[in-house]
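In the two complexes that follow, chain A is the common piece, with chain B as its partner first and chain C second.
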Partner chain A sequence: MKKSAIILVIPTMAFTIILLYLVIWNAVVSFMNWSLLNPKPYFVGLQTYLSVMKQFQFVNSLVHSLELSATLVVVGNVLGILFASLLYFLSSNKVRSVFLSIIIYPLAISMAVDALIWLWLYNIDIGIDWVLVKIGLPKFPWLSSTSTMFPSLILVTIWAYSGLATLFYLAGFMNIDKTIIEAAKLDGAGSFKILRKILLPNSLNSFIISTALLFLFSFRIFSLPYILSGGPTNIFLQTLVVYMYYLFTVEFFSQATAVATIVTLIASIVILPYALVIIRRWIRR
Partner chain B sequence: MVKIIAKNISKYFKKRNGYVIALDDVSLTVESGARFGILGPSGAGKTTFMRIIAGLEVPTKGELYFDDKLVASNNKIIVPPEDRKIGMVFQTWALYPNLTAFDNIAFPLTNMKLSKEEIRKRVEEIAKILDIGHVLDHYPRELSGGQQQRVALARALVKNPSLLLLDEPFSNLDARMRDSARALVKDVQEKLGVTLIIVSHDPADIFSIADNVGVLVKGKLVQVGRPEDVYNNPVTIEVANLIGEINELEGKVTKEGVIVGNLKFPLDKSYKSERVIVGIRPEDVKFTKDLINDENWILVGKGVVKVIGYQGGMFRITVTPLEGSEDEEIVTYMDHPLKRKEEVLIYVKKGSVKIFET
Partner chain C sequence: MRPVIRATLHYLALVVISAIWLIPVYAMLINGFKSNLAVLSTPVLVPPTSFSLSAYHIVFNALERPLLNSLIVVIPTALISTFLGAMGAYFFYTLTYSFSKFLSSLSDFLFSLITLATFIPYQATLIPLTRLVVSMGLLDNYLGIMFAMLIFYIPTGALLMSMFISVVPRSIIEAAKLDGAGDLKIFMKLILPLSLPGFISTLIFIIIEAWNNFFIPLVLVTTPGMRLIPVAVESYTGGYGTIYNETFAAAVIASIIPLAIFIFLGRYFIRGLIALGGGGKGV
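Now for the complex of A and B:
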């Protein structure tokens, strides 16, 4: 290897080492029994994992996380395609930028702020319900009922992250040679047929990236459920990371790191094949 | 088959400060079934003009008729592109990368509510004419340049268009394949009788395909006529340059003729300006060591050989006038080489010298 190559790799190396150190340290702690009750921890093997996995709250939050991720991946992709095609077929570039900015706005501001906005909107006296009452419809309980709480969280997640998918699909569509679309128009194809036959089949990269990112963002989501539920203890809005934080606040350190390791493991298993596919496609070009 | 009439078409593009004029008051008629070429340097507005005809761009001013039907006028598209019955071959061919050659060609037909068998029959018919029947189940990326171009042509022709538009269709092909591709386009056009408009910066495309040519320079249509007439009687030195190689010499008008260094070119009429540009096609020049006794060739003076090149089986000889202006160059092609720095006599063909006032 050349000297310059080594110098260029140093920052990445340093960063990787710090990151891996923390991940490994986290994994090591998860094999101990460190908690408020055990200030002098020692290795207990898989015992911590077994005790965590037996807990109702763990299964509950795992199911929540998986439901949330699956819904966001499906709905996010569908909405992303819908918004991206609506934006793509706009003739004015200015109008397109305006709408795109609005759609990706939730991504630009802090997720905590997004959650606060929806806390107001979901308020049964002053938010969406105020409008519903004004036009003579019954109130919807949103965050006030245990059965509508989780769907309400999913709704906010979709609102916050669909812009991401829109962005990637729009970029993919715009990347397709404009003359191909013009040729299709001359051939008499309507917008829907152009979308179905030309834009979508040539946007596989957008699909891969947006699916991978939507999954990652929703699987390790924290701010939205944390703020919408007003703390880490509401089991109806508990996702894996919120539950991990809860275990930490009550000083079950090893159990918290065990959950963190499980989150990392599941995310890696889902993402690694995707990452490999993307890298292979980029290299092949 | 359709007759295209453009009346005073102008196209302005908005830029940050003001407008860019892409087309300036272009009026043109292309007869039904004719083959018309549009020649121009890059940036002259020829692709814009073609896109206006196709309906992909609206004319800022002016009217466009297909036969008697108004299809676009003054910033308004009246008949949208998909209803104009146009087949177009783009410069990049614009094949659908995710579809096989068969599906590419069939694409326009699938928008016409035809039965599967009918579509298959028509695709195979056109594929046979263009000799691509054996590659129909391949994807565009698996085809050679020539095959891709023929697939694009097949896709343009399969819907039986009344107008075929070709936008620099040969510029992405190997030089040795261009001639056969040109011949193929002309044959197919003759067989189908479709009106054809080809846009190109290469005079070879125009000579091999078009019966009439319009020359666009900086958005203006400066000359329309048969390619040979434009070649022999160009209105400006720019046009002369566009439609073929020409020697350009700066000269001074005197009573005896146009003087370029020690060379003296005959005058056919009087000119107002004193400085003119003399244009001579390479084939109208001869360099010899001995006198020629032929009244069709006129001696203009002595020159000295500057560069000897070789191109297409001929020697390309560059000569400068012996005295006076060493920057001026005259080029011709000969079947035998001359020596560098050799002195030669320069002859020009009678009546071939073109003089342009600046």
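Now for the complex of A and C:
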């Protein structure tokens, strides 16, 4: 019986092998010296990595990427727990799904479109600042100051991705046996106590999933910094993937593949354990 | 705290959060209808006093082609990814019977690869991917964009469909096996119909992801006529001097399809997201 099932997996296998080829190609070329100035590649070992890691722009974009991911993971989890518990204690399923949809809808919109919208919302004359001035608050510089530029970008990603964590926490909460909650309520436990003593201690799985997905999604955000800064060259908004694209556009191919390999490695550290533990456990139950 | 106050505060918190979350969509909806004159005199968060369709008119003419391009690329990509992915997913499902060392390590290997393909920052494959597509002669070609997307979305389809197929009762499959049905037949006649809601969830999830993909069409398209919608709207960035009603009209045109899908078929999209995280009860 196995033979015919193997035929069914061939298309998936073929395309994943192409992906594997792309990843390995990157890794091989990253050990070579290949750029606009050196059109004939030859092996140079780790030299490309050493020269990339010494660059200010690499360190700068790595710090940005880690800053973005770490902030999104922390804030996304906190907001996810907050929103999910507000939603969980609603008594009407209908109302709950309306509010959940409002928190999740940014996930259905392209980051490129988000960037267009937020560029105007961040406008210091006619955007959110106009409202701030109206109600007597000082203007916030958003994208027009180098120190608030990157935090403003992070804010957009928090708006876009907090719904993801909310969804996983809510799904986790909903999976907990209702009778336990009812029993706790009969014993006089309030919502906060139920949250602290029952819901949160049972949310380890939601926490792992939210953390992994928030990290992976934030690590590959490209169009947001690209469009907010009008191209890949603004060092204040450069993340690793944007910097890699920049190296490609200036034809520093080996350096671009070295950065690509570093990006792939960092992502794989999260992806592979996630694949082998969390997801396989579900399929092989 | 009295229950009434408590309930009021509870709702108030949700209403405030929702209001904040809806600001971008509110801005999107009101500003596309402003006339050029209203744009000069009103800030972004103030609604127009009169409705004007001129911005939509101008932007739609420019975005008609990219919109069509996106439809031509995304719909077949999503259908193919979901169908072929489901076939792959069935293979993982059948392996649970098998205790063969070789097959189970093959399955682990493939499974790690499809997860990698689903979650990898796909930008990292930029150079080899572009070279591959160029060497196939498919730059600036619908097939080239579709091919590149399939590399990432077939594995996504396989991953999501694995979650959905895993809840199909094994007894049904075993009964069909005893009746002498082959795997292909079981897949077409039993697995697909039984996991149809999951199939729709996966399809919708991939349509939205592929529709919103910015990077792949950015690097694989060089002629303006072949641009897909997320890349085409980039020219409406709010640089100084840009009239913002056009930016917002462009934003609406680019997101109308995913948003409509989300509003009418949101539960399927949400189930797709949950499956992405390794499933939950009933996915």
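Here, the second predicted complex is superposed on the first by the 263 of 285 C-alpha atoms of A that agree within 3 Å, B and C clash if a C-alpha of one lies under 4 Å from a C-alpha of the other, contacts with A are read in each partner's own complex, and residues count from 1 in each chain.
Heads up, the rule we're going with is that a contact is a pair of C-beta atoms (placed from the backbone, for glycine too) under 8 Å apart; a residue touches a chain by one contact, two chains touch by 3 or more.
What you see is a predicted model, and the numbers here were worked out from it, not measured in a lab.
By the touch criterion stated above, A:E182 is placed in contact with chain B alone, chain C being left untouched. With both structures placed on the common chain, the touch criterion links A:N202 to chain B but leaves chain C unconnected. In the superposition on chain A, contact of A:F43 is made with neither chain B nor chain C.
More chain A residues lie in contact with C than with the other chain of the pair chain B and chain C.
Look at A:F168: by the touch rule set out above, it reaches chain C but stays clear of chain B. By the touch criterion defined above, A:M244 reaches chain C but does not reach chain B. Of the two partner chains, chain C is the only one that A:S268 touches; chain B does not reach it. Look at A:F192: by the touch rule set out above, it reaches neither chain B nor chain C.
Shared interface residues of chain A (contacting chain B in one complex, chain C in the other): none. Residues 1-2, 4-9, 11-13, 15-23, 25-26, 29, 83, 86-87, 89-90, 97, 99-121, 123, 125-128, 130-131, 159, 164, 167-168, 171-172, 174-175, 205, 209-210, 213, 216, 219-220, 222-223, 226-227, 230, 240-241, 244-245, 248, 253, 256-257, 260-261, 263-264, 267-268, 270-272, 274-276, 278-285 of chain A are the ones touching chain C in the complex. Across the complex, chain A is touched by residues 10, 13-14, 17-18, 21-25, 27-28, 31, 42-45, 84-85, 87-88, 90-96, 98, 100, 103, 108, 110-117, 119-129, 132, 150-152, 154-155, 158-159, 162-163, 166, 177, 182-184, 187, 208, 211-215, 230-231, 233-234, 236-239, 244, 247-248, 250-251, 254-255, 258-259, 261-263, 266-267, 269-270, 273-274, 276-281 of chain C. Chain A contributes residues 177, 179-180, 182-190, 193, 197-198, 201-202 to its touches with chain B in the complex.
Residues 54-56, 81-82, 86-88, 90-92, 94-99, 107-108, 111-112, 155, 159 of chain B are the ones that touch chain A when the two sit in their complex.
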